[in-house]
Amino acid sequence: MKSELKESLGYIFFKNPVLVLGLIIGHLAAGDTNLQNAAALSITFFFVTVPVMLFASTIGKKIPAGFNLVCYALFSAAMLVPAYSLSGSISATIFDSSGIYPALLAVSTVPIIYSSKIAEKQTPIKAIFSGLCITAGFIITAVILGAAREFLGSGSLWGFKLADAIYPAAKLPFWGFILLGFMAAIVNWIKEIFKKSEKGEEEGA
Amino acid sequence: MSYIFQFLTMMLTALFVENIIFTRALGTSWMFYLTKRPGEIIKYTLLLTGVTTVSGLIGYPLNGILHGSAMRHVLVPVMYIAVMAVVYIAAYLLIKKFLPEKFENLGINLGTAVFNCAALGTLLIPANARFDLITTLGYGIGMSLGFGFAAIVVAYGLTRLEYCRVPKIFRGIPIALIYLGLLSLAFYGLVGHQLPT
Amino acid sequence: MSFFVKGIFLEQKKEPMLTRSTLVMRQEFEYFDCNFPDVAIDELSREQIIELARLAEIVDESDGKMLWEKLEKSNLGEGGTFIVDAVDDEPYISSQMSIGIHQPEKLALGIELCERVLSPEKTYIAMYRHILDSNFGIPKKIGKYHVKKIGGRYPAESRVHRHIPKGKNSVIIGACAMLHLARAAEESRKMTSCFITVAGDVVKNPRNVEVPIGTTAEKILELCGLTEEPEAIILGGSMTGRAIFEPENEKVGPMTRGIIALARSYGTYSYTCIGCGRCDDACPKALSVCAMRKFADAGKLDMLMQYDVSMCIGCGACSYVCPSRIDISATLLKAKKQIELAKKEGTL
Amino acid sequence: MKEKLMFQNAPHVRQSESVVTMMTDVIVALLPIYLMAFFYHGARSLVLGLCGALCCSVLSVLGALLLREKPVPDLTPIITGLIIPLLLPADIPYYVVISACAVAIFVVKIPFGGTGSNLFNPAAVGFASVAICWPELVFRYPATMQAIEIFGESTAKIAQSPAYSLSLGAVPDYNVLDMLLGSAPGPMGATNILVVAACGIFLIVKKAINWITPVSFIVPYALLCLLFPRIGGSPFEALCYELFSGTVVFGAFFMLTEPVTSPKRDFGKLMAGISSAIVVFLFRYFGGFEMGFASALIVMNVFSPIYDAICESVLHVSRHKESFVASIKEETKLRKNKKEEEKPVIRVIEKAKEPEELPEIKTEEISEEEILPEKEPEEIDLSENSEEKEEEALQL
C-alpha cells in the first residue's frame, strides 16, 4: 500500500511524465509558449487524465479486449468539452494562441495507454490518485516551461509586459525541445544527488 | 494535371518544410517509442498513412458543416476522434474477418497506430486552415511519410550517441530531446523568418 | 582496395648511424670456436654449409628461426627467389643496412654460401629507399648482387613479398645471419654477437654497435654515452619495441634490433579523438580504425568483430599518425586479445 | 638513470603534427580574414572576434566545471568563437555574438560530451540560432569602408547585400571584382573571397584540412549554379555572383572541413561534399533565409556517419572478396544442379581465405596489464532505469 502510494507520488517529480518518461513532449515543445497556454494545456490535461483513468478502472475491465482503446479515446474526446468551456475563460484568444495542441492531448499517450496499462489494474481511488499525481507533474513542467519561454520570448508573464523581449526565438518549437532537454538533465542531476545521499545514509547507518 | 501538381507540392511541403516532428512537434513520444524498434518504423508509417487518408476523406465534408459553428475549436477535434474511432473499428473487424492469421501481429498494434497525436494533428491542421480535398490528402500523406523519415533519422542519431562520451546527467531522454531540437533548428532554417501559428 | 589505403611515410632519422662504421664492444668478447673441420671456402658443399650454420648456432634475426633449419628445408631451384632482408623501414633502426654498406665483402660471401645451398634463379638484397631526411645513396650492387630498393610507405617489410613472382618459391633471410655465416666459414667463429642500433635524442654518440648476446641495455647505453637522463628507453624497433624500466636487467637477444633512448616520453600528452580520420587512411589493411577505437572504448566486441579487428597486424601506423596521440594500436590489440579469449571461452 | 623512466606503448615515435599544431594553423589562417574585416569595418570587427573567442573558451571551462570534470586545455572553442563573428555583419551587437557562442558551447558541445563528440558543427548551430532569433540584425549589413563605433549602437550606413538581391532575383549592384576583393556588403569575414581562398589553401598545404572536402563541395555547387541561374545575364556572371555571395566559400574551407562532424575517408568526404552542395543549393533557392549554408550543414552532419558506414561496407566486401565470390559461385552451382538434377546437394562453403596476408608484425611481448591503464567501464546504456518503466507502459 505504502509503496504504491510512493510510486504514484513519484509521478510528480522523479517519474515526471514529461521530463523522465518522455511522454507528452510535442505538445509542450510546440504549444506551451506562454503561461496562458500552459494553463489551457494543464486544464485540458486534467480533464483528459483523471476522469479517463477513473473510467478505465471502473468500466474498462468489462470492455472486450480490442475495443477499450476506442472507448478511452471517445471518452477523453467527450471530456474536451468541459475542458474547453473552462479554459475559454482564461482569455478571449486562447484557442487561437494555443492552436490544436490542447485538443491533441485527448489522444496523447497518457489517457490512451496509461489508462489501459496502469489504471485498469488499480482500484478507482488509487487510479484517481495516480491520475492527479501525473497531472501535477505535467502542470509543474508546463508552468515552468511556459513562464520561461514567455519571459524570454516576449518579456511578459501572463500577458503583462515586464521587460523587453530577451530572446525572441525561445517561442519556437526547437527551443521548446532544447529547454525540455535541459530541464530533464536538471531532474537527472537532482535524482543523482538524492541517490548519492541515500547511499551515504545507508553507509552511515 | 494542376491537381496532381497541387497534390505533390503540398506533399513535399508537408514532408520537408512542415515536417511533422521537426517543425510541428506532433507525436514525438510515439516516435521515441519507435526509435527503439527500428524494424517497425515502416509498418507504422504505412498504417499512419492509411489512417490519415481514410479519416481525412470521411472527415472533410463533416468539417465543412462544423466549421461555421461557434464551438468549432472543440467540436472539430471531437468529430475527428469519432471518425478515427469508426475507422479503427472498421479496420479491426475487417482484419479479424479477412486476415485472421495476421491479426495477432497487426490488430494489437492498430490501436496505438490510430489514436495518437500524429494522426489527429495531421487531420486537424488542414481542417483548421480549410484546405481543399486534394491538398488535405497530399498534406496527410506528406506528413505521414515525414514521420517515417524523421523516425529513421532520429533512430540513427541515437545509435550514434551510444559511442559519444555523453555526460551522465544528459544520458537518455535529455540528449535525445536536445538532438531533436537541433535537427528541428536546422529544418527551421528552411522555413524562414515567419513564426508558426 | 588500394584506393582507400594511403599509408604513412615515416621520418627515418637514420643519420648519423648509417654513415658511421659499426662500433664493436671488444673488451667483452669471448671467442668460441665452432669446431668445424678446416675446409677451403670454395669447396664447401651444401651439406657442409648447413652443418656449419648448425654448429655456429646462427639465428636469423628477421624471424628468429635457426638458419640451418631454414636452409635445410628449402631448395628453390627453377624460378625461386632468394631475398636478403636489409629493409630497415623503422625510424632510427639501420643495423641491417649498415652491414651492407660497411662490410659488403663479408655479406657477399655469406650470400654466396647460401646461394650454394639454395640454388635460386634470382638473388637480391632488399633495402628501404625512401630515406627522405638524408641524402644518403644506397649502393646499386653489393659484391655481384643486385640491391633492390623497396619503396613506399610503412610497413615496407611486407612489401618485399610483392616482388616475388606468384606461385614461385622464395626464402627471406636477414643480412646479419649472412654476415655470421661468412664469419663462421672464414674464422670458424660461433655467433656470439648481435648488431644493434643505439640511437635517440639523448644518446651522445649514436651508432650501430656489435655487442655480445646477453649484454644489458645499461652497458650498451654507457658505451655510447648519454647527454641527459632519458624518460623512455625502448628495447627493439621504434615502432614495435617495448619500453623498459630496468635497463640493468634487460638483456639483448639475437632478434633485438635497437635500443632507443628518448628525452621525452609522449605518455602524458593525450587529447580526445577529434575524428580527423587519419588513422583510417594510414592503416595498411584499410580497416576503419577510428570507428573501431570507439567500439573498443565502449566495449562492443560484436561490432569490432564485424569491422574485422582480427585483421589488425599491429604495425602501429594508426598510433603514429594520430594527432591526439591516442594509443590506438595498443587498444585494438587488446580488444583483439579479448575477442580471442571470448571465442575460446565460447562467450562470443 | 631509471628514476625518470615512464611507460609508453608502441610505437615510440610519433608524428610531430598534433591537435595543437592543427588548431593553431586554423587560428593563424583565420587572422588574415580578421585583418581584412578590420580594413573594411574598423576595430569593431577585431573586438567582436576577441569577444567570441573569449566567450567560447570561458563558457567551455565553465561547462566542464559544472559537470565536475577537469577542464582540458583545448583550442577548439577558440576556433568556434572566431568563426561565429565572421559569419555575422560587422555592426552586430555584442549580445548576439555572446548568445551564439553560448548556444554553440552549451547546447551543441557539452551535452554531447565536449570536443570530439559533438554531432553537429557548433559554429553552424550557433549562427543558425541567432539568424532565426534576430534575422533583422543578422541579415542587415553595413556598407564597407566606414569605421563602425566599437561600442554602442552602430550608426553605419546600411547596404543591400548581394545574397539578398539574388534571393529576390535581382542582379547585385556590385561587379565581380568588388565581390572578390570584399568591398561588397555581407558577412564580416565571408566577403573577401580572395583572402579566404588563400587562407584555405594555406590550410590545405599545412595539411590541417583535406583538399577533397572544399573541392568536392565548390565544384558541384558551381555546376548547379551554372545549370539553374537565378538571374539573367551571362551564366558565368551568374555563377560568380552565386559563388561569391553569402558564406559559400568561407564555409567550404572553414566549416565543412571540421574534422569531428565530417566523414573519415576520402570517398566519404567526396560524397558528403557533393550532397551538401545539392542541399545548400536547395536551401538557398527555396529557403526563407538568403543564406542557407549553416542550416544545410546541420542537416548534412546527420548524414556523415552514413557515408562512413557505406565506405566500411565496401571495404568489408573487398576484404572478404574471395569468400564472397566463393559463396556466390557455390550458390550458382547449387541452382544449376537443382535445375538439372533436382537432387538435394549438400552445400559446402569453404572457409574464408584471407587475401594475401601480410606477415604479422610482432610487438615485443607486451604483458597484459601494461597495455593500457584500465579504464572504468562506462555506462553507455541509453535506456536507463526510468525508460524501462516507460517501455513497460508503452508495450502493447
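General observations
Letters A, B, C and D name the chains as they come in the text, with residue numbers starting at 1 for each one.
Keep this in mind: a residue touches a chain if its C-beta (ideal position, glycine included) is under 8 Å from a C-beta of that chain, and two chains touch if they have at least 3 such contacts.
Note that this is a predicted model, so its numbers are computed, not measured.
The chains that touch both chain B and chain C are D.
On a Cα centroid basis, the chain most remote from chain B in this structure is C.
Counted by C-beta pairs in contact, the busier of A-B and B-D is A-B.
With centres taken as mean C-alpha coordinates, the chain found closest to the middle of all protein C-alpha atoms is D.
For the pair chain A and chain B, the distance between C-alpha centroids works out to 21 Å.
The distance from the centre of chain A to the centre of chain C, each centre being the mean of the chain's C-alpha atoms, comes to 69 Å. Note: centroid distance chain B to chain D, computed from Cα atoms, is 32 Å.
Spacing of chain C relative to chain D, judged by their CA centroids, is 41 angstrom. Shared interface positions of chain D, i.e. residues touching 2 or more other chains, are given as 107, 111, 114, 116-117, 129, 132, 378, 380, 386-387, 394, 396. Among the residues of chain B, those in touch with two or more other chains are 111-112, 162-163, 165, 168-176, 178, 181-182, 185, 188.
Shown for chain C are the residues that touch two or more other chains, namely 272, 297-298. Taken together, the touching pairs give a contact graph of some other shape, not a line, ring, star or complete one.
According to the touch criterion at the top of this document, the contacting chain pairs are A-B, A-D, B-C, B-D, C-D.
Considering their complex, residues 19-27, 29-30, 66-67, 69-70, 73-74, 77-78, 80-81, 84, 95-96, 99-100, 103-104, 106-109, 112-113, 171-178, 180-182, 184-186, 188-189, 192 of chain A touch chain B. Contacts from chain C toward chain B in the complex involve residues 272, 294-295, 297-298. The part of chain B that touches chain C in the complex is made up of residues 162-163, 165.
For chain D in complex with chain B, the touching residues are 67, 69, 107-108, 110-114, 116-117, 119-120, 125, 128-129, 131-132, 135, 283, 286-289, 292, 294-296, 298-299, 302, 305-306, 378-384, 386-387, 391, 394, 396.
Within the complex, the chain B residues that touch chain A are 21-30, 32, 71, 73-74, 76-78, 81-82, 84-85, 88-89, 92, 96, 107, 111-112, 115-117, 119-121, 124-125, 128, 168-178, 180-182, 184-185, 188, 195-197.
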